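I've put the structures underneath this note.
Next come two complexes, and both contain chain A; in the first it sits with chain B, in the second with chain C.
Moving on to the complex of A and B:
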């Protein structure tokens, strides 16, 4: 299936969840935040939130700042 | 009470957390991660700010979180980049997930040239975030009326500016900071523009509860040494405030007794 992550198209296996997506993208689990179709998904639901064809994922990360 | 005792009991309480250090620091603008961590440790800061950004899919950012957590620093995510209340609330909710904290430094500055905080959107966002259970620390202009509104909205502290962000100009808002400090029932953290340890000491002498410094440390010739200098200045300024500064006078008031022996003709 195809999903969009920060405007980039990604081909993923069916039934991929958010935690697997982050691992697949080599992004850190700590310090990351994820929204699916503009809804923020709580970290406690990453493992049970299955992604669907056409989903728009926004991925955010904590960085240095003042 | 003995002064040593007074100092020992001098904890700053914000929300549900108590701080021994009144110097808060930012993590931005350091040349490298190693310098950042060394400087933050030298500052003895217990609260450090972070930002949030959309991940660049082509590039992996350094993990700066692990060393901060390891050193026991509490993280304060900001909402930098938000242009209105709605975006700031979204950013705060993302930051809560990313850093697992309900603390947020609320900052809404739509104009990148001066980075001045939007008071109307900030107040709106503060009300919404406080209602959602966030510990809200809003970055604002040194506006006493706005600060009272933010206090009424349920903010845990206010963070009025000394001068524009990153300008290193010092405390240009002194008269208004004094009013804010005098009126506040929540901690006042002077944020932005503090360019040298003397600026930080002045803020503390004025009765600010804490200061937040980033640029002045990060861009210093030696950020670690500068960080330590800020820590000392904040301690000195706080101690001076607690000790009670002497009053000012236009006329001279002699420090030595004006004895008459100089009138003796020699």
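Moving on to the complex of A and C:
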């Protein structure tokens, strides 16, 4: 199925969850935040949130500087 | 009641229906704690002092270095070596002698932070590290004090507002549960002055709106700022029921 990750199209297997997506993209699990269709999904729900065709995923890191 | 000087000083507020004398009085009565007086805290504190926030408490343990001057606009060259909060306090009082400014020139231990929160209506997180942010978040959740969080690096900024006086508010930890320090910080990654300045300025704007009674458009949202495109992204922050900080609140 096709999803968008940070506005880039990605081909992904059905029934992939967020945690699996991050591993697939080689993104760090610590310090990352994930939003699906502008809604941030808490870390505790990454393993049980399944992605769907057409989902817009935004991945970003915590910024601590100031 | 505003005196004649205040009526003149804040005339541009008084002309706004959304502020008026009532709003200005609310600003006068407001007590804001600004933690971190670097790139975020500088513009935030300058604008809040100018706006007439009646009680501003500045907290930082740092001294001014030459590399700060590129973006920490409260400071100038002949301030190098001085404590940030002392210089900033002087500057804010010069901008606005009507307000009260207090400085805390140390890294506050948890107990002192808790005590300070009993005297604050609002906190601005203007710090530069994750450990401080987690500490401030927990203290504000426990004390039920609203928190405006700003952060910036390179050309990017993040801005959030959590009203911890409301039950069921999410918190910073719901979004970023790790206390692990980010490998990217301003001294190894760089930052553009106006980017951190934009975020700090918006922290002040959100604070003013809070006190005059305007609803926040960013409550429980993460605003991401891209200083290259000038695009903003908005994401909804949901309360994590398993959050170890606010999950039980």
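Following the convention adopted for this analysis, the second predicted complex is superposed on the first by the 64 of 66 C-alpha atoms of A that agree within 3 Å, B and C clash if a C-alpha of one lies under 4 Å from a C-alpha of the other, contacts with A are read in each partner's own complex, and residues count from 1 in each chain.
We adopt the following convention: a contact is a pair of C-beta atoms (placed from the backbone, for glycine too) under 8 Å apart; a residue touches a chain by one contact, two chains touch by 3 or more.
None of the values given here were measured: they were computed from a predicted structure.
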Combined model on chain A where chain B meets chain C, clash or fit: clash
Chain B versus chain C as contact partner of A:17, first or second or both or neither: neither
Touching partner for A:8 - first (chain B), second (chain C), both, neither: first
Of chain B and chain C, the chain that contacts the larger number of chain A residues: B
Contacts of A:39 with chain B and chain C, given as first, second, both or neither: second
Touched partner set for A:66, first chain B, second chain C, both or neither: both
Partner chain(s) touched by A:25 [first = chain B, second = chain C, both, neither]: first
Residues on chain A lying within both footprints (that of chain B and that of chain C): 30-31, 33, 35, 40-43, 58, 60-66
Of all residues in chain A, those that touch chain B in their complex: 5-6, 8, 25-28, 30-35, 40-43, 58-66
Residues of chain B that touch chain A when the two form their complex: 26-30, 36, 49-57, 60-61, 63-66, 75, 77-78, 80, 90, 93-95, 97-100, 165-166, 212, 214-215
Footprint of chain A on chain C - complex, ascending: 36, 38-41, 125-130, 133, 150-153, 156-158, 174-178, 180-182, 184-186, 189, 191, 196, 199-200, 222, 224, 233-238, 240, 242-243
Residues on chain A engaged by chain C in the complex (per definition of touch): 30-31, 33, 35, 38-45, 58, 60-66
